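Before I ask anything, let me first share the structure, which is written out below as structure tokens.
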Amino acid sequence: MDGFLEYVPGNSFLHRLNPVTKIAFAIMFAIACFCTGNLVFLCLMLALGLALAASCSMMRQTLGLMRAVLAFSLVLAVLLLLTTPKGDLLVELPWGYIGSDSILAAVVTVIRLEAAAIPLFLTFYVTKMTDLSNSFVKVLHVPYRYAFTFASTVHFIPVFMNDMRGIMEAQTARGVEFDQGGMVRKIRLMVPLCVPLLISSVRKTNSSAIAAEVRGFNLRTRESGYKRYPMTGADWAVIALGVVVLAAAIALSLL
Amino acid sequence: MIEIEDLTFQYRESDAPVIEDMSLSIPSGAFAGIIGAAGSGKSTLTYALNGIVPHCYPGDFYGSVRIDGNDTCDTTLTDLSQMVGSVCQDIDSQFVSAVVEDEMLYGLENYGVPHDQIEGRVQEALEAMGIADLRQRLIASLSGGQKQKVAIASILAMRPSVLVLDEPTAELDPASSRNVFALLSHYAEAHGTTVVVVEQKIALLSEFTDLLVVVEAGRIRFAGAPEEVLAHSEELLEIGVNCPRCTTLMNRLAAGGLYAGPVCTDVPSACRALCEVAA
Amino acid sequence: MIEFLDVHASYDGTTPILKGIDLTIEDGEFVAFVGTNGAGKSTAMRLVNGLLKPDRGAVLIDGVPTTQLKTSELARRVGFLFQNPDRQICSSTVRDELLFGFQAVGRLDDEARRRVDQIIEEFRFDGDADPFLLNRGTRQLLALASIVVLAPPVVVLDEPTTGLDFCECVKVMGIISQLHRAGTTVIMVCHDMEVVADFAERVVVMTDGRVVDQGPTFDVLRNRKTLDEADLVPPQMVDVSLLLPVMEPRFAGTSVATANTLAEMQAAIEDVAAGGAAAMAASEKDALDDVPFQGSERKER
């Protein structure tokens, strides 16, 4: 029973890294993916991402994520294919043509999005939200208020998804057929369900704000955190790797 | 010591007060239960104790609520919450962490408990709720009863002098409900904590509380030891509070002149009384 | 008729929740499922209306496996009331909410509207009220009404009285037992043993994904051993009836030892007390009779 973006306990190398390192690396990794269109480099990045996922036995979650990103990036790829007439003419279109370079651009888009997404999402699977926000407060001196707001937003995603599942189940029991027909039909059926979801979310966020307040939310400072988040040699090594990857991508794009 | 004096509260958006002229004092160390029909003002009463009313909800507040002498209107919510620990009705929205241990730390960190005391407090609270083995578990992977215990333990770690719980066993089966009450009552006795619990399960209240408060339409209808309050089983039924069956049985026998002893609140006491009836 | 044939089920295909359930529920029965949280009761309910399909074995509704029935077909046969009414209610007025079920299965006609008006009357709802502004108990009633309005031959209720106060509970159970009397099959998960004792005809006890006992309500509820194993406590009157004859031999063999309800127990105790009083009166009478007999000594003239 693991949900979307929910922490999966473990003790792998990635689990033990400083949360700040993980986020920093994931961001550099993603920027690197967007810096270059070199297909070989992007494939290497994708392989590195998958290796990271394998190192903390998160392949199943990662493959699930990749499927979702694939659906999204395919739409983009098709759009690119139809709207950027480049390279050798392959298929004639009323408004232009599909060229060999269009195909290349489409493939690059898919691989780029897949590669960029993996470390970002992986970070959430191997890092507790509380550690992430606390380390941001401790290491990066981010005001606690913002860190907490971000953390609780992410914390609520699985709660809301669970609610949505429950609501859809209740409607299925009344004969609403979510499992039949196309995407449009499904979305049309789901729209009325946003009302109960919205109402329960407003209630939940309200009572969670009060619950945090009566547990001394307002008193919290940078010194409050019990856990320390020291940057170790491994952390600096990973950040260095991130810098190297980013530099390589920039170098490739300039060449 | 909790003193409520002539309390009246009306939410801004409603057209009638939810609590009207309520006066009640709960002695230190008492285990108090609040029961009443839906909409009778039970939850608002708990808000008045932990200061959520008037601090978080706009409305008209008359009278006063004092916790160990501190007027809730003149004390900030942050200061109040160090005296009064609250376990919400919807515990899923109370949780701020993914893992039990982090949930336990949250309040302690915020209130600046010295770091060398934190470990001891966390361990003590977990043991009090019998969940020391769950410390590293994901909250999402726990059962309803375990989650409830985590929610309570995370508040107990802050060592409040008053603990307020709103329907802590609503989602639990009878065995876990009873277990939660037993653990709470044991902890409260050992630490002298005052407990105020809103609950619909009358059998649990009559077994564990020493002060039972029946609320009807924003007013206190009965307040006293369970044996005193439950003597009025027929009147209680009229206002939507059903006594335990064995209490009703003994009260009916008493009305028929067959039994003259004290009110029975649970099965063992009823059985003992019935043996006397037979003798 | 609903049949569970060696049903194994899980949510993720790996962690088994139900481990081989065999069960038959006849038309028109009122069956209560009891057991602790996590015993698999709610999972069993989800299987009844096909929200979950078995990993192994089959659930048959009138002889047809749930795997072969379409969602709308299942919804027509089995109405399902969830524990949390807020997950079900999604319309902006009470009337629309009641019409929604007809809309979902594509039967939104004048007949449906007449039926909705009739239910609004029966439940004494305000048809134009906003469901989200109603209190918890009324929302639960509305959720129940939106099932009743479709008149399914089977209703499944997952803890219908949780979170309700006594009056609301009486109201909800009143409607459910009315449905049952009208011939609807009622299948209910319930933690409140008093409610189970008052309404169910048959009880199924579950522990750890298995059925450990089933049978007529009081046969099951008086079986202290299985209830203990399932971590359940019998309703208070049954508890008293089981305990008293052990504590006080005078109650053994009397109607106290078989009383199940409050009224039965009261009558039984009154009987014993009166029997005791009668016996006492009788022995006192005997004693009175004895006195002259013993005391009469022939006196010398």
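Think of it as A, B and C in the order they're written, each chain with its own count starting at 1.
Simple rule for what comes next: a residue touches a chain if its C-beta (ideal position, glycine included) is under 8 Å from a C-beta of that chain, and two chains touch if they have at least 3 such contacts.
Since this is a predicted model, take the numbers as computed values, not measurements.
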For this session: Find the chain most remote from chain A, comparing centres computed as mean CA coordinates.
Result: C
Exercise. More contacting C-beta pairs: A-C or B-C?
Worked result: B-C
Exercise. What whole-Å value do you get for the distance between chain A and chain B if each is reduced to the mean of its CA atoms?
Worked result: 42
Exercise. Just curious, how far off is chain C from chain B if you go by their C-alpha centres, in Å?
Worked result: 28
Exercise. Approximately how many whole Å separate the CA-defined centres of chain A and chain C?
Worked result: 46
Seminar exercise, completed: Multi-chain contacts in chain B, i.e. residues touching at least two other chains, fall at none
Seminar exercise, completed: Each of the following residues of chain A touches two or more other chains, namely 1
For this session: Could you pull out which chain B residues touch chain A in their complex?
Result: 50-52, 56, 77-78, 80-82, 84, 86, 88-90, 92-99, 102, 105-112, 115, 118, 136, 138, 140-141, 154-155, 158
Exercise. Once bound in the complex, which stretches of chain A touch chain B?
Worked result: 1, 3, 6-7, 9, 128-131, 148, 151-152, 155, 158-159, 203-205, 207-208, 210-220, 223-227
Seminar exercise, completed: Interface with chain C, chain A side, in the complex: residues 1, 163, 166-167, 169-180, 192-193, 195-196, 199-200
Exercise. Inside the complex, what are the residues of chain C that reach chain A?
Worked result: 11-12, 15, 46, 49, 51, 70-72, 74-76, 78-80, 82, 84, 86-92, 100-101, 104-105, 132, 146-147, 150
Seminar exercise, completed: chain B partner, complex, touching residues on chain C are 35-38, 135-137, 162-168, 191, 193-194, 231-233, 235-237, 239-240, 243-244, 247-248, 250-251, 262, 265-266, 269-270, 272-273, 276
